[in-house]
Structures are given as structure tokens and as C-alpha cells.
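Letters A, B and C mark the chains in the order given here, with residues in each chain numbered from 1 onward.
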Amino acid sequence: MTTPPERSTRRPWPVLTPAVLIMLVVLVVVLIALPWVLSNFWLRVATSALVFAALALSLNVIMGLAGYPALGNIVFFGVGAYVSGLAAANLGLPAPVAILLGAVGAAIYALIASRAMLSLRGSYFLMATVALNFLTLELIVVLRGLTRGARGVTIPPLVTGDPSTVYDTFYFLFLGLVAVGAVVLIVLRRSRLGLGLLAIKGNEDAASMLGVPTFRYKAIAWALSAGLAGAVGATHAYWIGFIDPGSSFDLIMSLEVFLIALLGGPLLVIGPIIGAFTFEVAGVIAWASFTEAHLAVLGVLMVIVVTYLPGGLPELPTRIRGIVARRRGTHGRSARAA
Amino acid sequence: MSQAIVNGILTGGLYAAFGIGLSLIYGVTRVISAVHGAFIVIGAYLAQSAWMAFGLDPFLMVPVLLVIGFGLGYGVQRLFIDKVMRRRVVMTITLTFGLDLIAVTGILLVFGADLRTISVPYASVGFDVLGARIPLVRLGIFAVAVILALGLELILRRTQIGTTIRAVSQNRTAAELLGIDTGHAFGMAHGLAAAVACGAGALLALIQPLQPFMGLSVLLIAFAVVVLAGFGSIAPVLISGMILGLTENLAGLYIGTEYQRLAIFVAYLAVASILPAGLFGRRFYAH
Amino acid sequence: MRDARRHGVSGIATAALVGVLAAAVSLPAVAQSPAVGDPIRIGASLALTGDAAPDSKLVRDGYDFWAETVNAGGGIVVDGVARPIELVIRDDGSDRDQAARLVENLIAEEDVDFLLAPWGSGNTNAVAPIAERYQKLMVAPLAASDEIWEQGYRYLFGVLPIGSTNMRPLVPMVQDLGLTRVGVVTTDDLFPLLAAEGVSQQAKDAGLEVVVDEIYPPGTIDVGSLITRIQEAAPEALAAPVDVADALVLLRQMKERDYLPPILAFSGATLVPDFLSNAGADAEGLFGITYWSPALPYADALFGSAADYAAAFEARFGYAPTHDNVAASISGYALQRGIETAGSLDTTAVRDGMLSLDETTVFGQMAFDERGVNTGVTTYVVQIQDGTPVIVSPADAAAAAPLWPIPGWSER
């Protein structure tokens, strides 16, 4: 058997060209302005998009940089939600402390798991993260004395007041987390650690031989990824107001985050943000028109992205141009390439 | 104790039948197929429908399901997976999960969300051996699961198709140079895998009420089985299935039933992290 | 698709039939023939697809039946104007985030006047804070989790008693039969855990011996070890407040093992059509818990008697209603009575109206305490006798005596 074709499609990192910089500035301005423009319903949609964007950014730390397909990364979202939720509900800790604890707890959980799991690669790692997610779910269920198990935890409100105040607060909290994720990725990318991670993504054995402390780098990356996901989970718990094991460790949500990261393509920072908003708006439309089949809509989207847009949304203009060109040029001929 | 061992082994046979196809697909195509659970559920629903419409015994439905499953697997491989097979696992898992969601929705729209069951007239028949009860249905399920596994092994080792599949899994480029239609060979492999999955669905329908969304839990069991067995080997899959069945039953009996499922995931992760190649070492069909 | 079919041609025919029946019942309202006003819009997010779809269907049918019955009688009279009900139902696909978002949308964009809750405590928990934030009244048919009612929600009402009381009536029945050894097994899920804890505690308080008390994961394929544990403990009565799918698995595997405790009681599952159709003859002799039966002498001005409700409901939907359906219909009716008492659609007035209610409905007595919990409902033990559910306890409502032991598998 030859080496598995796991990471044959490595893409160069896009540099911070003026075009990208302008996009970034426009994006920031638009994101900050949204609460003044949108109705409460659409603000809620936008907030969901930010949740997914932040999760996709956190996934990109381990997957985008180090190339580790952590499909079960939602486990850290759940751990963060539970640590902060229990800290708030049982110990009465204030929200900022609880959320911080959620992030730290998730990062520590990743460090513990890294011992056992970061020696696995590709498919093996992917399946192990899925197992970790469900193992953790079962733990939460079984340790009901501590976690309240399947009963779930009601989280005290983070802010009170009229709905608009509440929504604005959460919108900006999640926007802050997206910003944190973006900064982490940008700083990492320019650091020694980030270069090491990219080397690992390229060829881990070679990187190791060149003196990259692969295990340590991967563990740090995973802890950072988990910490961010944990903070998102913790904040999300306050937003929804109630957590239970099933909805905190939801594999479908993990798949959605995966898809958003793929939509982002090689644009590790802007990609997930645009991807998440595209996904959420498409979701609202899909939900309205295909209520019973909305999961199939997600499925079709996943199939299409993998089959026709493996490079994500940034590839879309090229693809469309390609199709148009093919229509004009090689019309009638079989233009099917492998 | 003897009862728990009997249960564990009998249920383990079924778990193995869930995992075998997944293991074969990965061994040959290097794709983890998340749509595998949906094949099992489709088989289960078809068996239930045949039972409801014609009173056909699910065991007799298995051969029909093998054919249907083969067609499904071959089609999915040729239409969807072929194009992206060489890409990273991120891509293939997203693709197959996408197909799974489409399949689940299809099941929901065709069969509805109501629970469906099969109750065969011999459901309460069984034998008492050494203080343990062996239900006839369970014994039948176990026997069919083992026959499916051995049949698959025979096809892979003794037939022209099997030789071709093993050749492409060993070295795709060389096989192509020899003029082997690799796309067809991969399709055959996925077809065989899906055939077993669909057949196993009939067995599942004999013991579990059917719901459109049950595929994920079945898929997780299949994951656990193949992680224990190491990808791409059949005999170890059978043993791994039984180990999981025993783990579940003995944990239920001695630790407490509430820890049954946790025990499965603990075994899964422990083996994955300590013995990444599975309990039996890395063995592929080509060897 | 299924919904489209339900509201299709055959739906219209049965709706017309229901209309005639309902009009006969609510003649007084029609006689006044007030002016017809704009509809009262009532929103609900339900899991029409996904895991919770079979349960949610019962709720949806209950809501629809209430709205259709009211509309057939002209609507709810507010300030001399008859206003029909317009249900605005959205599918959350069994997804909590989506449910929350849909409720948000129902309130903020769709401008509904009131809300009806989703199925189950978990989902109700996810949307209650939003209703609270916007100060919209919401009535929950099946949110029995004890905790939800300790949150101090002002605008949430529930028509069921809290979950931990669910299986308690089993205890006096078992005592009356002179039995002492009971067992409780349940799945690790919100309502099952509550009900199991409640009945287990009640049994201990009553001096019964709880010989087996087990929790197991919902959806377990192989419950062999659980059955071994039960067999070894040999309880004379076993309470298992699990959902329909888990009840079917437990029953099936007990049959494979040729074992059956002398008394086996599921909770509401025993009466759910999905359970009865799948279990078939195997359901004979099983005990269950219900808040309602068509045989009970309950009645109200809208639905007529409990038997009338059952007949009209079955004519409309093709299956006999369970307490889940009636609880959903009564949630709407509670809101209706609140509006009628208040004579307006103002939230505070309707809330006060609902709190002041103390009357008989087709579901039994209806009176809400300050938490919003209906304290009037009575819980009954039923048994499947000759294929039909019959109330066997408490004695004053019993239509038959409990038959035990349940005949073993070989005696059928």
C-alpha cells in the first residue's frame, strides 16, 4: 500500500495583499455596524453565524494550520459550556470568570486528550476525536451528581433588560470571540509555532527530522483551538440559557463547522467568517423552503462543496468562469476531467 | 455471567456485521464512509416493509438486500466518491456525511418518523444451555452475520473480483498500468461492503424499533468495531465485534447498566490510542 | 409531504365532519353570532422532523384539533368580536438553537399574539427564556420537568403535573394487591429519570422494598444485562418510565428471554399508538400511566365530554387520542379560557385570567398555581385488558380490577 493520499492538495498561504486587507477592513466595519441595521430575528441569525465563524476559526488552528482533521472538535464547545454553566449555576461565579473557566477547562481537556490522541494521524485521528466527543457526552450523563446529567443545567442570565440589549450584548461578545480567533490565527501564522505547524501539515515526519518538536506544537495548537471553542461554548450556554448533553455535544453542529471551514478554503481567517454568514443565510432560506428536508439541503451542500468547490468560496469566481468558458468553447464535447 | 457472555457474543456478531463493510471500504479506498450507517438503516426499513407487505421473514429478505445494497454501494462509489477519493480525509468524510444526511432525509420522507418493528412468530423461542438462555432469533442473527463475514472473505480471496480488488488496494497505479479498470474495482469493493451493510440491516430490524435517525448510533458502533480490529481486515472484525458485545454486557452486569455505552467508547479510545493499528496489528486484504 | 397530505383532500372532509360535531357542542357561542374579527395568531415551534418528530406529531395534532374545533364554532369571542385561531407552526427539526430562533422569529417578525410550547421539557426550556424576554404568554402541554417550574417564569404555564409525580399512583395499587417487592428501571433521560426517582422514593416512603433500581442509556440495542439484573432481583412489580422505542426494546428482549415480571408498567408509552401498533398482542396485560381516558366523566363547553373528544379526534386524525394529544388541545383551551375571562388579548390580563381559572375541562380539573403548574390533574393507572386500555387505579375511577400476574409468554 502506498502512503494514503491524505494531504496531497496543500495550498499556499495567501499573503496579506492590499486586496485582502481591504476585504478585512470592509468586513470589520460591516460586522460592527450590523446590530444597528438588523431586526432582532436577523441579528439572531448573524449571532449564530458568528458562533459558527468562531468555531470554524478555532477548528482552523488545528485543522487549517496543522492539518489535523478534528471532526469531533465540538467536544470542547460542550466542555466549555458545561464548565462555565456549572460554575455559574452551582458556584454562582460571575459570567466573565465562568466563561474564562470554560475556555481554560476545555484547553486543559485537550492537553489531557493530546497524550493519547495526537499520535494518531488522518482518518485515525478524525475517528478518535468523534469517539472523544461521545465519550465525554456519556461521562457528563453518567456523572449526574456533578453535572445534573440528562436533566441539563439552567444558566442564570448574563444580562437582563429588553431583548435588543440582550441581543446586542451577545452579538458583540461573539464578535469579540471571532476577533480573538482571527488574532490567534494571524499571530500564530507569523510565529515559529505556526511555521512548525504548517511544516507538520506538509510532512510531519520530515518536520520532525528537521527538529520541529511536533508533539509539543500540535498539543499547543490543539489546546488553543479547544480554548477558543470552549469560550464559544461557554458564551453560547449563557445565550441559550439551558444546556444538556445532547445539544452540547452535537455531531451535526461539528459537521456544520467542518463545512464552514471548507467553505473558507485556504483563507483561514476571512474564509470562515464569510463561509459562516453564507451558510447561515442559506440555512434560513433552506429552512423556510425545505422544512422537512433541511438536513438533505445541508447534505447536498456538503456534497457540492467537496465535489465542485474543494477550494471553498474563494474558488467560486474561477469555477464560474471555467463553466462559462466551457459552455462557450467546448460546447457539446465531454468536458469531464478527473 | 454465562448469560452475559452469550448475549455479548450474539450481539457482537451483529456489531461485526455493521463494521465489516466500513473496514473493507477503508482498506481498499482509504475512505471512511459515513454513509455506511444509512445503508444499514435502509436495509432495515426494506426488510420491515417486506415483512409488513408480504409477511416475508427478514432472514429470507437478506439475499435480496445483498443485491440492493450492492447496487447502492456501487452507485455511490462511482457517482460520488470516485471523484474525490484521492483528496484529504476532510473532504471524503464531509462528502460521505453529506450523502448520509441526504439518505436519512430520504428515509424520513419515504417511511415517515413513526417507529416500525418486526415481530416474528418465533420471537420467544429459545434454548437453555448451561443456565443461559439462547433466543432463536439472536442465534439466527449471529449465524447470518458470521455467514456474511465469511462469504465476504471468500469472495475477496477466491474469486477474480476479489483478486482485482486486492490488486487495486495494494497498488492503484500498477493496477491501472496492467489495464485494470480501477474505478470498477473500487465500485465492486464498495458494493460488497454496502451489500453486507444492507443485509445486516435486516438483522437489526429483528431486534430494534426502526427510526430514520438511528443510523448515527449504528455508525458509531461500526467505527468502534473497526478501530478495535484495525482497518481492512475481516476475521479480526468478527472478533472485535464480539469483544465490544462482551464489554457492553459485562460492564452492564458488573459495573452497572448505565455505564454500558461509556464502556464501549472507553474501549474504543483506549485501543485507538494505545494500539492505533487495532488489536490485531495492521493487516490489509493484500497480505 | 406528510403534512401536505394531512391537510389535503381527506383532511378537508374530516375537518368538515369535525366542524359539524364541534358546532353542535358550542351552539351557544354560535347563537350570539358576533362580528367576525381578525384571527388571533398563535405561534409554536415543533419538531416536525428529527428525533422528537413522533412525539411532536401528537402535540401538533392536539393543537390543530383545538384550533379547528374553535374555528368551527366561529372563534374566540373577544369584546363582542369572534376571532378565529390562526396557528403559526414552524419546524425546528428537533434542534434547540433552531427552536429558539424560530420562536424569536414568531414573536418579533410574525407578530404572534401568544405561544404554544414545543414537545418536552428540554425544548420548552430552550424557548421559555425568549418568551419571557418578550413577555409573551406560552402554554406548555408536556413540560413535566420539575426544575422548569422553579425558574420563576412569569409567562409560562403548563397543563401537566410535574414529572416526578408521574408514576406514583402505581405504589398504592401495588400495596392494595399485597405486594412488597418492586423494581424501577429507566433510561438516562430527562423525564424518565424524574419519573423513576419519584416512584422509587414513593415506594420507599410507603415501606415497599425497592429490589432493583437501574438506569441505562436510551437507545441501547442490547439490554440483556439489564434483564439479567431484573431477573435476579425478581421484583413483583416493575416500573419502567421509558419512551416508546426503549419500551419496545425492553419488552422484545424480555420475550426473547421468556421472562416477564408479574406486573410491568411503562409510563405514558403503554398508551401511545406507536407502541400499541408495534407491540400488538405483546402489549396485553401491560400497565401504564395516563392523565386522561375517554371513559372519564370530564366535560367542557368546547369539546363536550371526554368520549366526544375521543370520537371527534379519531374521526379527524385516524387514531385514538392519548393524554399527549389532549394535553396539547387543553393548552390551547387554557389560553382560550384565559382570553375569554380577560375579555382582551393583553398579556397581563390573560395571565391574570388564566391564574383565576378553576373549572372542569375535558382533561379534568384545571387550576394553575403561581408557578403556572396545573394542579387539578389526576393521574391514573391503566392496564391493557383484551387489547383495550382500562383504568384500574385509583379505585374510585377504576373501570376494572388490575389483573395480575400478567400471563407469561408461553401462556399466550
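We take it that a contact is a pair of C-beta atoms (placed from the backbone, for glycine too) under 8 Å apart; a residue touches a chain by one contact, two chains touch by 3 or more.
This structure is a prediction, so every number in the text was calculated from the model and none was measured.
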item: Of all other chains, the one whose Cα centre sits farthest from chain B; value: C
item: A-C against A-B, pair bridged by the larger set of C-beta contacts; value: A-B
item: For chain B paired with chain C, centre-to-centre distance based on mean C-alpha positions, whole Å; value: 38
item: Cα-centroid distance, chain A relative to chain C, in whole angstrom; value: 39
item: Chain centre separation in whole Å, for chain B relative to chain A (CA means); value: 30
item: Chain C, residues touching no fewer than two other chains; value: 1-2, 49-50, 188, 217
item: Junction residues of chain B, two or more chains touched; value: 108-109, 258, 261
item: Multi-chain contact sites of chain A, meaning residues that touch two or more partners; value: 138, 142, 292, 295
item: List of chain B residues in touch with chain A within their complex; value: 26, 30, 32, 80, 83-95, 97-106, 108-109, 169-173, 216, 220, 223-224, 227, 231, 258-259, 261-262, 265-266, 268-269, 272-274, 276, 284, 286
item: Of chain C, residues touching chain B in the complex; value: 1-2, 49-51, 53-54, 57, 185, 188, 214-217, 219-226, 228-229, 244-245, 248-249, 252-253, 255-258, 274-275, 278, 280, 282, 409-410
item: For the chain B and chain C complex, residues of the former touching the latter; value: 3-4, 7-8, 11, 14, 108-109, 112-117, 119, 123-124, 126, 133, 135, 137-138, 204, 207-209, 211, 213-214, 217, 221, 245, 248-253, 256-258, 260-261
item: Parts of chain A lying in touch with chain C, wherever the complex brings them together; value: 39-41, 44-45, 48, 138, 141-142, 144, 149-152, 154, 157, 162-163, 166, 240-242, 244, 246-247, 252, 287, 291-292, 294-295
item: Chain A contact footprint on chain C (complex, rising order); value: 1-3, 48-50, 90-91, 93, 95-98, 100-101, 104-105, 108-109, 122, 125-126, 129, 133-134, 145, 147, 151, 188-190, 193-194, 217
